[in-house]
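In the two complexes that follow, subunit A is the common piece, with subunit B as its partner first and subunit C second.
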Partner chain A sequence: MGGRDMTAQAPLLRVSNLTKTFGGVTAVSNLDFELPEGKLLGVIGPNGSGKTTLVNLITGFTRPVAGRIEFRGRDVTGWPPHRVVGEGISRTFQMVRPFYQLPAYKNLIVPLYSPRVKKLTGGRYGDRSAVALDLLEEVGFERDAYVSYKKAGALPQGYLKRLELAKAMALRPDLIILDELFSGLSLAEVASIVPIIEKLKHQGKTIIMIEHRLKELFRIADGVLVLNYGRKIAEGLAAEVMKSPAVRDAYLGSEGD
Partner chain B sequence: MLLGTLIYGFVNSAILALLAMGFNLTFGISGVANFAYGAVYIFSGFSAWIFLNTLGFPYVVAVLAAILLAGLMGLAIYFGVILRIKGMPLSEVMATFGLGLAIMELFRYFDFVGFRYTLPVFFDGSLSIGDVYIDYQRIIIGLIAVGLTAALYLFTNHTRTGLALRAIAQDERSALTFGIDPDLVGGLSMAIGCALAAIAAVVILPLGTIAVEGGYEVLINALAVCIVGGLGSTVGILVASVLIGYSQTFTANYLEPHWMMLVSLIAIAIVLVVKPSGLFSHQKELEERI
Partner chain C sequence: MKKRKERIDRGIKVRAQDIFALTSYREMLYLLVPGAIPVVGLLCFAPMLSNYWREVIISTAIYALLAISWDMLMCAGLLSLGQSLFFGIGSYLAGSLNHYLGLPPILTIPLATIGGGLICTLLLLPVLRLRGIYFAMVTLVLPLMLSRLVEATRILGGTEGLTGLTPFPNQLTAVFLIQIVLLVTLFGFRRIKGSDYGLVITGISDNDRSVMSAGINIQWYKAQVVFLGASVGSFAGAFGTHMDMFAGMPGFALDYSIMPVAAAVVGGVGTFFGPLIGAFILVPLSEALRALGALRIVFYGLFLVIFVVGIPEGIFPYIQRKYQQVERWVDVT
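Showing the complex of A and B:
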């Protein structure tokens, strides 16, 4: 990150020269950035600018053709997803991916059984159902309400997005990547999720948010990375970045001002 | 006649459920249609026979060894073949079907043909219900089918591994983000599926002889039950087993015994036309694919 207050510490995540092509299309091109621990980085850009590909590259769902991803100084480039998560990187999906046939709280038992959580807790987690219900309450499921026991397939979108967030939190990650968590939510719903993310930040979690809802994002982001056609076109504090002519042209220009 | 048909229909349903269980489990979890399934069934029959008669193992040891061997074979098929073509369903079907052909026809080549290839029943004898005689082996088949179904239900619903299996079956990408190794789960699902085929073999084969042709029949019956019930659905295969099982028995008793095999084929045809994803499937994409 080029932001003034973000250069002091050694980065938690370092991405260098990262490139991904699909056939003839370059989805991510020579991307470099660093993310210090405890910071929230917003990644913005028009549709098709490579944001989700970046998430998939970091989390191992797709392999880069060139470049390097380091997490805590360790090279995790090209690792499969189930190993990346063991290092402490968790993610949400833009299109929510719950286990539709399992009750909401049981969706969280699966990550609570993961090798990472087992390692962190020394195998002594106690009552996982209770932990799962607590997590659901943290993301805004009403305590003692029937909704936590409903099959995920029967939940409305707002709850599914919260469940998606809870699933990522259950892994006790150091880095959480939220891929358009706010999309499809009402203003009120977004407003109720923002404090949950702020709380995660206060707990020292490092967060990457892919987001189209710029107003809400800029309120909580420490820095912003702007992508266009897979390239970084700007990076820095939100206010500075939005002054850049290239950004206004690529991103805001398309929204018609 | 009717009481007999009802009882034997139940046994036939139990046989179908046993035959389909392993195929269904592997597909439900890892999405791999194991077309070598019938071959594994026959392989297990012959291996149990060899353990018993050639190597002289005690019965229980021979049976357990055959089941274990089938499980290992499942692992070998997954890591040796499936892993290289994972995610390409047509290749998976062709590779496993070809492998199955090779296994079965090798047995024929080495002259494993004839009436001496039979497995012993668990207990000799029979009992009568009303005026219907039924041998203990068929009763045991019914009990084992019910017992295995219950055991599988408890395993998938109340154990950590079972939960991981269900998770990856419902959403593989999400399961990956929770640190579940898809190859480990895939290999495990194949091993359990093949071991279930072996259990079915040592329980069902004592009713007749072990014949290579039986492998093709087993595959067709397993496919029929899974297609009618809906691939991957446990409730579906139970209902489909009962539907097809009783239809077969009624056909055999009231029409012509040699029309029995037609029942499965007609059931497949009807379901593919009316509801391609099967009666109980959640897998909508299958409907779109066909």
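Showing the complex of A and C:
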């Protein structure tokens, strides 16, 4: 019983001393942060500040030069992506590249084929198409309009982003990393996705959001991490972080107020 | 007035979807006839042919198997220029089992099929990470290396090869054996590609990062695809060996690498029917042109260019489109 208390207190994700260099460029340097279960962390920073590299490091798409990533107390540093997913971390990509020639719901067949899903459903996948259609309805594909049956290539960007979110949700992750989910979307489209993320939060999912759309992010984020040149320059509540002079200087520049 | 071509699915195609096909014989025939053509064509006409053309059919079927195997690898984004690797390994494996251990073809062929698949998969395992032209280069070099290895070390009969192997009891048995295997491979691979497993495989070639982030070990799936393709290629090799009663360095010849690619490109990549059609056009064509002597290659090349330029999508996708859709010109306003 004591052990269970310990895991409840320990953070879901702990990143310590994480460093990644590409040739002479340091993309992420000596980064430390902790993420408790059920929280939504926003990661912000100017272009090229190492946000996407951080996602790639956590999800195993690149290996760090130094440092350690622990998920549920397990060292997952340098694991290949499919093993990281198996532990319960899933991600979306900033550049959505669905299988354009397939109907939208068929795009979800691949994540639903994952060994993780098989494990969680007790060895049986069930009817993947039915599960896929339910998932798409959850992210706002109107069933009455048969949007899920349209070819992914024929869908507007807003639906493609939601399809990307559904792909990540299909893996039933504990931690979802959303890499600039709102980029390239209209205000109305963003407004329709925010409730989906809030719902995920209520379901107890832990979420990391890389975002440039600060207004929408701050409304749902529990905490914010600010990166600049791969370094953490601030961390804490959104309102406090934005008051920090270092952040204003680096991120907002003259547009600060 | 500008016009553009509009393509609409035929009514019968839509009516024959899903369970609704069972409502009438016409819809059922619409679905069944395309599949029945290769089955009837292969199994019924081969016995009527002369001995010479049966030989041609056998060698066509060998190339067709290699082409379908190539297409399977292509589904996972693996561009192979070394189908002769599969052919050669299968050929030497069946040859040695027959020559050194005295096993009959009924055992050597299945063993060489599975064993060849395993050996080729192990050989290609280190380079499965490579994509596109890099993978292609390695597959091109491997059979050349192996044939020089046989020549230099004089193992497995060296340059003379293994001769006097057990032949098939008669020509008709051989024809039926390879045609049945060809049909099973064709429909089996099409079924695999149409399944959820097939979606994962084609997903790897479309966008491997997306498949990786779905928690799927793409190297393991690529290895499975190589095993499937290599087994089929090795079967072709083992079969060819018992047909010619000989296993040797020609098994690694460039012919077995280039012809399948040409057949698949002419017939339509990614359809499995396409490579079959391609092989059944190109190989008999090459035989028919034999009378032209030295000019044979010129005309053969000309035909290839005409096909590729005339129907760049491939013969099978072209026929399939005509079968499923109507085309008409509409005004653009």
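Going forward, the second predicted complex is superposed on the first by the 243 of 257 C-alpha atoms of A that agree within 3 Å, B and C clash if a C-alpha of one lies under 4 Å from a C-alpha of the other, contacts with A are read in each partner's own complex, and residues count from 1 in each chain.
Methods note: a contact is a pair of C-beta atoms (placed from the backbone, for glycine too) under 8 Å apart; a residue touches a chain by one contact, two chains touch by 3 or more.
Here the structure is a predicted model, which means the values were calculated and not measured.
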Combined model on subunit A: subunit C and subunit B, fit or clash: clash
Contacts of A:147 with subunit B and subunit C, given as first, second, both or neither: neither
Touching partner for A:194 - first (subunit B), second (subunit C), both, neither: neither
Shared contact residues on subunit A - subunit B and subunit C: 59, 61, 80-82, 85-86, 90-91, 93, 97-99, 102, 106, 109-111, 113-116, 167-168, 171
Contacting residues of subunit B [partner subunit A, same complex]: 160, 163-164, 166-167, 170-171, 173-182, 282
Subunit A-facing residues of subunit C, complex: 196-197, 199-200, 202-203, 206-207, 209-218
In the complex with subunit B, residue positions of subunit A that touch it: 59, 61, 80-82, 85-86, 90-91, 93, 97-102, 106, 109-111, 113-116, 167-168, 171
Subunit A - residues contacting subunit C, complex: 59, 61, 80-82, 85-86, 90-91, 93, 97-99, 102, 106, 109-117, 128, 167-168, 170-171
